[in-house]
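Chain IDs A, B, C and D follow the sequence of writing; residue 1 opens each chain.
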Amino acid sequence: MAEPSKKEENKVVDEGIDVGISRLTEEKIQSVINSVIDSETGARLKAYVETCIHCGLCSEACHYYLSHDNDPHYSPVGKVKQTIWEMVRKKGRVSPEFIRRAAIIAHTECNLCKRCAQYCPFGIDIAYLISVVRRIIHKLGVTPLYLQDTAHSHSVTMNQMWVKGDEWPDTLQWQEEEAQAEIPNLRIPLEKEGADVMYSVIAPEPKFQAQLIYQAAVIMHVAGVNWTMPASVGWDNSDMAMFSGDNELMGRLKRTHFETAARLKVKKIVMGECGHAFRSVYDMGNRWLGWSMPPFTIVHAIEFYHDLIKEGRIKIAKKYKPPITLHDPCNVVRGGGLHEKARYVAHAICEKVIEMHPNREHNYCCCAGGGVINTGPPFKMTRIKGNRVKAEQLFGAKTKGAEVLVAPCHNCHSGLHDIVHHYEIGLDIKFFGDIIYEVMEKPE
Amino acid sequence: MVDSRSWDWETGEKNVSLDSWKKEYRWVEEPYASPDGEKIAAIVNVDEGEFTVCVNGKVWGETVFDKIWHLRFSPDGRLTALVSEMGEWTMAVNGEAWENKFGYIWEPRFSIDGTAIAAAVQQDMRYGMVLNGKPWEQTFANMTYFALSPDGRHTAGAVQVEDVDSGEIHKFQKGSFTAALDGNPWDMRFVNVWNLAISTDGEHLAAEVRLNLYDYTIAVDGVPWESRYATVWEPLFNPVTGTVVAPVREKGTWALAENGKILWDRRFVQIWHQMFSPDGSRLAAIVAPKYGRWTVAVDGVPWPATFATLVTDATFSPDGRRIAALAKDGETFRVVVDGNPWTDAWDMAWKPVFSPDGKDVAAKVEKKGRYTYTVNNRVWSRSCDIAWDPVFSPDGTHLMLRTVEAGNYVRRIVPVSDIVG
Amino acid sequence: MHSFYNFVSGPLAWVAFILFFGGSIYRIVSMLKLVAEKERFIFSYMSWRYSLRSIIHWIIPFATVNWRRQPVLTVVTFAFHLCLLATPIFLLSHVVLWDEAFSISWWTLPDAVADIMTIIVILGAVYFLVRRVTQPEVKFVTSVSDFVILAIVAAPFITGFLAYHQWLSYPLVMCLHVLAGDIMLAAIPFTRLSHMLFSPFTRAYMGSEFGKVRHARDW
Amino acid sequence: MKTVTLIALSLSIAIVLAFTAAWSQDDMTVVDNAAFNNPQRTPSVFVHDEHNETAGIDDCAECHHVYEGGKRVEDESSEGQSCSECHDLQGSGNQPSLIKAFHANCKGCHQEQGKGPIMCGECHIK
């Protein structure tokens, strides 16, 4: 086994991990690891483990590695070495303490951002290997508390935030009423069968950021989009089960989402500014269900705004003045290729766009994604300290004059907020929707 | 079933002008046509925070509500909506609100014949079902999935019987949910309960249950099947024998199980939306025979034709001999009958409708925002701004087509032969 | 010594070649079978266009961000791998042996050039060795097997170099050279030298996923 | 490999027989490599008389053979000629190239006899 990492000195206490570990026996660990490896993995795991030449070239891809002064424990391959290699090599005969460390590595020291996949000469998908570890951690019942609780919320309510059946339509009607004060005939059409677009969001929007739904409704209204939102489960496109390794639940969530779109007879699913949800509906959940590509065209907010602006369906009254810098979220850029469209939108709505470097597919992760922010307060500093390099990158953009940081992804938003705050960078963080709502032409 | 023999199958065309509505109200929401085609209705805004429903040009009842949503005709032709007055919610039927009011009401359900109307309700942060205006006596901390029996006499819900605060993951994993029939919960606790089904006779309740984070099965009347699965999908009662059938996942593939025993020999990449023929003798399901390919399997045998994107809205003919469904390839839909896709591809299609004798199939379809109908692989000559599902006459010779064309609601009785040729 | 030489260059060479070709085919076929059995979905995403796009970027020096970030390593690794493959194939002495044995022959490198290429391979191996023991991120993930496979690769070149220059005990060095070559060939399919076999596939898959599904570059 | 060795063997016996009766070359120490434009290796060590004496070769045609129409001509030898007169650098048809002919002639016989050098550097000494 690897020598312990420096940071193990200050052990975090997580009730999900600690209680889970206390219930483990070596036999249980062995049988779970082997059953996952034997029955759920195949050529990928085998080829990735056997092809890796241990060259370490993935190291500099990882923001954790860079932020920890190149501590090899945080390099992508280093994390693989400390987790799945060992499990494979020892045929599952690892200790509960090893599992504890593996849970912390897989859940809080990797965002599954796949930047390393772009740095490995062989194209080894290290995020996949870490996902296998998370699957094992799930099967062992050692998932961090906050993330597991989110998965439980998904399992009960089909949304991420324990939003109950009545609270969802109630919130939409409340936002509709609010927006009608600004635009009297504005509607948030619920359950409108045959609309062109189903608009889906993640549960933090109705729970904490209802103004985002308001803004989206205004954009939809002004652009004249024939849209609807479901009043049943299936409205939430988020998916922490995907990150907690609970694939069965991931499939259930995505089935609910897609079948809601099918029931509403829409042609497209337009989704809010969320990254992981895009990964879930566009790339992961559909596959578990047997769809090689999603059964409905998935349009992320970036692409949606891009099309609306390009087609002249929304017009910009006055471009946004403060210089902005643009954060490329991994799941929609490295995972969806929306970087140029994001720039089109940014330039269309803002007077000045200052690039941060690296950018586009090579942007540094926010360190919140991949379910890491959902491991909650116990690991907040893990995220912040693990992403000093992001602070440096943002500071670079700030030095060139950026005042506002646009992050078209919820997880990025929250993660970057912590980074900006902790490192005292002094950037306002906004969604595209915030700015579009502010600068677009609206009916008098 | 709704008896359509008393409907007017003689008059060729009836019209209701909709244009005038727009002048009368601040806004008019999307219209709904009654099952018999005689009425067209829409939620309309009278003034700020004042709503009513306009039915064939006339106002719906006396009351103006603070908010109205989910306007739907029940199968028996009553017009229902969820309405709010003075901060309280209830169901209004033909303009009259139920006496009982709630903190919130949502997801209304109709029985097959339309005589029963149920919905989920919340009052003082307690949850239950309401059936024809009468709520359950027992309420729950949360309720997540709902069902109304086919005959409309019973309601069920997945209910939380143990309070668990968010963050109490270990307590949650001990089980806090169960299912309740008519408000009476089962004794057993589950981690999760989803997708309830009530038997045809209304006596039995089945649900998907999760026994711990990893083991799933079907529970019937509170008793789980002995077999455990990696996961399961919605259970379904055989309408005749009363056995329960559900898709189950084992070792990464799906099978269909009946009362805990594997039913079909063949396994699939996916199985769901299983359905019995009306006489219970045939069982079909939407399946993926291989990754990324979809079709319908009948009694375990998939149609040879498979489709890339989606198969949905499968339906048996009344005699149980034929099956129609919709298949999506890329961005377009086709009607598929007994495995044979029809010629025309559409931007959207709706669930196919069989004639009572099962000979003819009709479906509402849409291309580039224009709606029309396709019958037996022929297409109706007209296209419309809005359309509702086609309805066959009891003798199967005519179709009632309900459309909106140039600001007019039109109810047409069209001989099937006019379209089929 | 001659009988040993005849053994390593005769029967043992046959064994080595059979193990190399047979083993390579076996490994690739069984890996593809495993995909077909357990991860069939992978085939749905494979694309020639994006596979080649990715492979081409990664086999051209400095065509990817990471190659540009690591200029010394890039030069060394490309020189190393190119010489590693080309030298034994186009070495005159080897081709002469092929010609004698099977009457097949092809273009050959001048011996002086091959000599330099051999030195490049040896120096490359030294560079990798030094990198392994000095770079913390490489050292951390290094196991004994990494030194073993490096030795397996370096051995035929070191012995070949010594044999060509007839330094040390020529017959012994020569025999060791052939033996080392046999070992390396046989080891390719069954050690992590199999990256030679699998990397085109892993690269192609990642390229396909990035190109076809993710609409992004994987370099 | 074995069959090849056999073929080479019989060939070399023939060559040796064909050449032995020719003139003696007591001054010869290496094989003449003048025919090679750009020889990659040092000429092969070959002390003619000493070799033949040690090897007990009397017949010149043992090495200095003559072939016609792909068949060895009995009782004829070619010791007056230079090897490269028949064996050009490329080789053609059944006619081995010069390198191959040398190797077959020398190494082939050594292999068969189980005597004499067979590794490259044993003849091409630096």
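The definition used in the following text is that a contact is a pair of C-beta atoms (placed from the backbone, for glycine too) under 8 Å apart; a residue touches a chain by one contact, two chains touch by 3 or more.
Only a predicted model underlies this, so the values are computations on that prediction, with no experimental measurement involved.
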item	value
From chain C, the most remote chain by mean C-alpha position	B
B-C or A-C, whichever has more C-beta pairs in contact	A-C
Averaged-CA centre spacing for the pair chain D and chain B, given as whole angstrom	93
Centre-to-centre distance between chain C and chain B (centres being mean Cα positions), rounded to whole Å	61
Distance between chain centroids, defined by C-alpha means - chain A, chain C (Å)	39
Cα-centroid distance, chain A relative to chain D, in whole angstrom	76
Per-residue overlap in chain C, given as positions that touch at least 2 other chains	38, 41, 44
In chain A, residues with contacts to at least two other chains	292-293
Chain contact topology (line, ring, star, complete or other)	other
Contact footprint of chain C on chain D as seen in their complex	1-2, 4, 8, 38, 40-41, 97, 99-100, 103-104, 107, 111, 114, 118-122, 125-126
Complex contact set, residues of chain B against chain C	252, 290-292
Touch list for chain C against partner chain A, complex	31-32, 34-35, 37-39, 41-42, 44-45, 54, 58, 64-66, 69-70, 73, 135-143, 146, 192, 194-195, 198-199, 201-207, 209-210, 213-219
Of all residues in chain B, those that touch chain A in their complex	26-27, 29-30, 45, 48-49, 67, 69-70, 103-107, 120, 122, 127, 142-144, 160, 166-167, 169-170, 172-173, 177, 191-192, 194, 210, 213-214, 216, 230-231, 249, 251-252, 269-270, 272, 288, 291-292, 294, 308-310, 312, 328, 331, 347-348, 350, 366
Complex contact set, residues of chain C against chain B	38, 40-41, 44
